[in-house]
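So, here's a batch of structures to check.
Consider the two complexes below, in which chain A is the common component and chain B and chain C are the respective partners.
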Partner chain A sequence: MSLVLVIAIPILGAFLLPMLSHRSAVLGRLFGPIIIAVNLGLALSIWQHVTLNGPQVEWIGGFAAPLGIVFHVDQFTAILLLAIAVMTILLWPRRMEDPIREPVLSLVLMGAASGLALSSDLFNLFVFYELTAVASYGLVASRATGPSQIAAIRFLILSAAGSALALLGIALIYSITGSLNLAYLAQVAPTLLSGPLGMSAFMLILIGFGVKAELFPVNTWVPEVYASASSRVSAMLSGVVSKLAMVVILKVLITVYANTSASLVMLVVGLLTLVSGELAAYRAKDFRRMLAFSSIAQLGMVAMAFSVSGTAGLLAGFAIMLHHLLAKPALFLLAERWGGHLDRLTGAAYSSKTGAILFLFLALSLIGVPPLPGFWAKYLLLTALFGHDQSLYYFAAAVLLITTVIEAAYLMRILQRLYQHKNSTLEPHRASELVPALVLGGTLFLSVLVAAPLGAALSGIARSSADIPAYIQRVLPVDVPKEINV
Partner chain B sequence: MSMLAGNLDLLLLTALLTIVLTYAMGNRRVNGWCATGLYGIQLLFLIMMGMQYTQATTNLQLFSSSLTATMFGNHLVWEMSGLGWFFAVITVGAALFSSWYAAGAWSEKRDGMRLFHVAMAVNVFSMLLLLSSGDLLSLFIGWELVSWASYLIMTQRGGAAANAAFRYILYATAGAVAILAAIILLHQKAGSLDFETVRTYLAQAPNALVWVIMLLFACGFLIKMAAVPFHLWQAAAYSQTPGPAAAFLGAISSRMGLFALAIVLINLIGVARLIDMSIPYTFLDARTLWLWVAAITVIVPTFIALTQTDARMLLAWHGIGQGGYMLLGIMVASPLGVSGGLMHVFNHASYQAALFLAVTSVVYRTGTADLDRLGGLVTRMPLAFTTMLLGIIGLAGLPPMNGFVSKWMVYKSLLDANMPLLFLASVIGTLGTILSVYKLIHNTFLGQLRLEYRDVKEVPWSMSVPMLVLGGIAFITGYLPGLVLDMAAPAQAVLGIAPLPHHLGGVTAATGSLNMIWVVSILIVSIGIGALIFYGGNRTSRVHQFDNYAGGHFLTADMRYHYSHNFYAGLMRVIGPWYRGSVQWLETGLVSISNFSADLANGIYRNAYTSAYLLFTVVAGLTWVMFG
Partner chain C sequence: MMTMSETQIMGYLLYSGALALIVIGLFVIVTRHHLIRILLGLGLLEAGVNLVLLAAGFRADAQAPIVTELNKVGTSMVDPVPQALILTAIVIGVGVLALALAICLEIHRKYKTLDLRVLGMIISGHVEDEPSTYVIRADQVSANKAIVPGTAERNV
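And then the complex of A and B:
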């Protein structure tokens, strides 16, 4: 069973969906979830396979690396594939008048995101990144309201410019080394890519992919888009797509630019993202904008985590990513009813009791109150930062702690407003919004109960992902000549 | 240290059960009685644990629980030492009396009682978890749970209470991140977070590092204790909490900070090390620093209490001030001082809870706690008056109440340790306390009775019995302080301080003893003799409370001649200029800076020309690569 199926089936389904829904409305409604269920099954079997047999490599078309395209899947990638499928089904668009745009684009997004997780060379990463980007532009604009279309256009311009820069960086790397395979680059990078040209390529790649990864200062599209697009689209973007963009940057960082000053750049960028995100969230007066800024800040934390080399940094980054992947979409689902100006939320807890309890739980987890999972994620990040024993990293840790207080301020402010004694005009949450949110919140709650084994498993996953020599050995099993004649 | 067969598991399970049952029983009347009974059962378990100390060979017994976890290489254990046990008894006792008071007539026709009882049960459970933490990470987990449980209990009434609780949770989060920073720093340096490893590491760590860790821990814990300069949040938050819950909070909540501080400063770092760590360019050391923080915490909040016109605010400010005495005693670190500090925790809990309940009774009947609007209630509410009288004598630290004993021990330990200035500071605090509590009882119960309160009745028995029992406890432990000193002995052993030789009536020391049995007995006998003379002598005539004259004129009941407003006008004219509000200014400044930075950040994101940022970033990045 090939890894390509995980990508091919959703995209094929996306093309078939309009035709099928023309024939029969019922089949059109069911087809999307069926495709996702198939994908979920595939992802589960991949997970099982990888857990039993270790990380797997697949050469597309039988062409060996470093010339051919390689798909690599380890346990963390398998978790990402699972998460993509689960998120797509939980955030599946509700019935609307024109039912085809959003489901089709969601399927394309699922396929492209899976491809992004699996790819192991720069070209393939770029292709799937662009496919993801196009799908997201369409999804943002799918509601056809004025603000969402403007936001989509601005997002498109910024993202396209960023992609062009990333392509420039990739071309730079190709011109120096003659290959785009990450494992091969990991071998030749210390000699060929450690100079200014190599670092420039990294900067361009960081800024280019950083647009989607919501890094400062190219993340100005985030508040606009998340506030005007439909909540489910925002949830998908902030929950899944941004993580995958960050994973792309991570792959480049730990294979090609390990042990260089690139880590320092990641730390500074992450720090600025964190600070600007939390401060802007404190000031935000709109619920979805607040969630957008909170998302920016959490991704800044992920960037800070990945700037620490070794297992500790990866473990912290994975923990924060997984926690945010579950928490933020749940909050966006609550925002379907609660979106808009914060003053509308006065007394909303009394009309939507479950929603308010869920918000309380998620807010406490984001702030980092033990024994909730958000605390362990922040604990791991702080441990990684303190463990690096450099003054800039200590400073970053101090800033992280101070911004936690600001985070507590704006989240508890909203909570206080929710529980104010006043008859609310807001309607209670519908089941279609509350059930997926409760599934996500429930998963977080259950993770508290199995925290110890989960933590141990995550440590193992991080250790195996950080093992770059083993990765190189898997992708390039025979010694290939160091130089490739272009 | 050896492990004793745990009733700790049963205790924690009962506490958890209390939460579940109080939630399930909702707003029914039986909820309060059920909660009271369950707290009684928890107290029973604690007493059974305490009896094992009398049979144990040393006082360093640990009660182990089966609650353990291993997270990311850290082995989390929960086990209760003598120190935790001492605080746990006070916690559960305070909850018992508060819940007893709230179970009866007070909760009639009052909504929100389910949240009230659940919040108190959550508080007790989280405090028990904190008090039985066996390593630094489980201590932090317990600490955070306690902080958020306190937030729940403070915010339940909504409105002004929610605002005060919001201010509290910001302070608490700031403290929590400081503690977390210290813990992770220790984890990185020492390798593990269990107490033995940390103690061994700190013994040979450089002074600079121990300073950093100590300051981070201390700031975090002092915020909970509301020591100066972190004192601004507590009074408003405690006074807005519903009556019996305020009694619970005032009795024990901020002492959780003292517990954690004692563990870190005395147990982990050690007093010898503290004396060793000198502040550069001065003759002071770390221990003197904390002693003076404690002394300022004694003085400043007490004199802020002096100016309060709300009875609950006055009591809450005193709660902050008395915490300073406890810290003072513990930081002196002599057997007498530590016993005095620990005993003061118990004593303060007893009379502070009694006072809060008395004030709540007054509020229940009159609808106000405003000291300018009350007066003369002594004939209408004699039981509440008796409770308040016992309470304020304890708070002021005068015989025959227990407050006198612990304060005497603290004063004596300061003098024995050659610290006359600190002794003077604590005496100034007592002076402020005496003035302030007299104002409390005078404005509430003495003087002229207002017309609108002439039909006020005494509170029902369900409310007056618990507060009288608390007052009685304060009296009995004042008569027989050896009872509390026995309880504090295991706690003292955990802190590594030599035991204090004591007997049932008090303390025998070479430099001067105290025997309360004699003192109180003589007091009782003298009062008895006075009563004999008074009642056995001439017949007294009873005068109606409204039958008053001044300057030969008959004063009608609607004429206001009660001196209550601006009670210490003369004193305030002298010390008024000292009330500068500097810390308030600091707090407002910090909030302004945050708002300004937030506006800046928001401005960055409101920019419409986002591609300009992209261009700028690329140019900056490439420049850095080329030339950096």
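And then the complex of A and C:
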């Protein structure tokens, strides 16, 4: 079975959807979920196949690497594909009055995000990144209110400038090496890309893809977009799209720039992102902005984890990513009714009991109270940081502990407000928000019960993802001449 | 056939032109406040980046990478990969620009301005949906009298 279908079916579906819903409203409403269900089935079968037979490689059009474009899927990629499909169906717009463009763009986003997960060619990554970006600008603006459109255009300008810089980095890498295949680049990088030009290419790529990965200092769009877009869109962007942008940076970092000063750059950027995110979240007076800044901080932690080379860093990064992927969309769904100034939340626990309990659980997990999954994620990050013998990594671990205190302070402040005695004017959550949020929260809760086997499985996945020589073997099975005449 | 020095000059010209376009583009994006100008800057930036890609595959003494009667396999050709990449990048750039202009049009219909300073004030700190509840006073946007013509106070 072809990996391309995971990308092709949603994008084909996105183009067919307007025509079908023009013919018949019922068919239009059913068509989107059917497409997602098909994709979910495909992702499941890919996951099963990869678990049984090990990572797979597909050469697009039968052209072998390094000339052709390569799709590579390992267990982590398969989990990402599953997560994309599950999140799309959970965050699918259900209301009747929704304009057709939101479902269409959601399908495009699903296809493009799957492409980002699969691709292992720099330019192909760029193309899918841009497709994801265009779909997300449209989704942010699809609410058609003034603030959401202003947020969308500011997001667009920053992101498009970032993409142009990333493309510049890719062009530099091409002009040095004459190839864009990550496995080939991994072979030639130690000799060709360790110089200042190679490093500046990495910096450009980090800045460019860092826009979507919410990295400091190109994350100014995050609070305004998450505050003004619909909660579903915010949940999708902070839950899935930011993770995939981080995965793109990770792919470049561990294949091409392993064992260079790039990981130090990553650590510093991650630290700045974490500290600025937590401090801004502490000062935030608005529930959605607070969630947005907290999301930035979590992505900073992921960047810090990925800066630790080897299995330990990857394991910690994957754990934080998966935890945040489940927790933050649920919080954004709660914010649909709880948005606006924090004072509005006073006494909200009495109008929406389930929502408040879910918030309590998610907040405790985000802070990292044992034995909730967030604790294990932070614990893995701390061990990874302490496993490094450089003083900067110890400093990073100290900063992580301090920012946890800040995180606890602002999340507890909200909990206190929720349970204050006061007649709340807030409407209770609707089922369409509460049910997906409960599904996500419930998944997190279940993961507590199976923590030990889950941890073992995750470390196996991290070990196979960290094995770059095996990755090169798979993508370039025949011996490719080390030099290509440019 | 160019001599070696001419080849070098051509390469320098390509790269310095690309660098100039990138710098001008970034400068415009960072310093201007009008959305259309910023989008023009974005166009310049993208053109500069595409020129870098083009220069990466450029060879002064080579033909276009098309095999014909005259242009047989084996004659030296420029690298076709960057040209394919540029084509893709241009198409993506056009798409993004079209979407950006569409959003600009919507914004102008709602707020009658494309000045990012004014627009930034509208969304900073305000998260409610109703733009009519915000009041922008002319003295807060004193540099932009043209946007708020002749009124001391105005509902946007």
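Everything below uses one rule, namely that the second predicted complex is superposed on the first by the 484 of 486 C-alpha atoms of A that agree within 3 Å, B and C clash if a C-alpha of one lies under 4 Å from a C-alpha of the other, contacts with A are read in each partner's own complex, and residues count from 1 in each chain.
As a convention for this text, contacts are C-beta pairs under 8 Å (C-beta built on N, C-alpha and C of every residue); 3 or more make two chains touch, one makes a residue touch a chain.
Just so it is clear, the model here is predicted, and its values are computed rather than measured.
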Task: With the two complexes superposed on chain A, say which partner A:Ala451 touches: chain B (first), chain C (second), both, or neither.
output: first
Query: A:Tyr350 contacts which: chain B (first), chain C (second), both, neither?
result: neither
- request: Tell me which partner A:Ile157 touches in the superposition: chain B (first), chain C (second), both or neither.
  value: both
Message: Contact-wise, after the overlay, does A:Gly387 reach chain B, chain C, both or neither (first, second, both, neither)?
response: first
Query: So, does A:Gly339 touch the first partner chain B, the second partner chain C, both, or neither?
result: second
- request: Give one of first, second, both or neither to describe whether A:Leu364 is in contact with chain B, with chain C, with both, or with none.
  value: first
Message: So in the superposed three-chain picture, is A:Tyr174 touching just chain B, just chain C, both, or none of them (first/second/both/neither)?
response: second
Message: Touch test for A:Val134: chain B only (first), chain C only (second), both, or neither?
response: second
Query: Regarding the shared-chain residue A:Arg288, is it in contact with chain B (first), chain C (second), both, or neither?
result: second
- prompt: Which residues would you name on chain A as touching chain B in one complex and chain C in the other?
  reply: 154, 157, 161, 165
Query: So in the complex, which bits of chain A are touching chain C?
result: 123, 126-127, 130, 133-134, 137-138, 141, 144-147, 149-154, 156-157, 160-161, 164-165, 167-168, 171-172, 174-175, 178, 180, 224, 227-228, 286, 288-289, 339-340, 486
- line: As the complex stands, chain B meets chain A at residues 69-72, 140-141, 144-145, 148, 155, 158-159, 162-163, 166, 169-170, 173-174, 177-178, 180-181, 184-185, 187-188, 594-595, 597-602, 604-605, 607, 610-611, 613-614, 616-618, 621-622, 624-626
- prompt: Which of the residues in chain C come into contact with chain A in the complex?
  reply: 22, 25-26, 29, 35, 38-39, 42, 45-46, 49, 52-53, 55-57, 79, 81-82, 85, 88-89, 92, 95-96, 99-100, 103-104, 106-107, 110-111, 116, 119-120, 122-124, 126-129, 131
Query: Can you list the chain A residues touching chain B in their complex?
result: 154, 157-158, 161-162, 165, 196, 199-200, 203-204, 206-207, 211, 217-218, 220-221, 223, 265, 275-277, 279-280, 282-284, 293, 364, 367, 369-371, 375-376, 379-380, 382-383, 386-387, 389, 397-398, 401-402, 404-406, 408-409, 412-413, 416, 419-421, 451-452, 455-456, 459
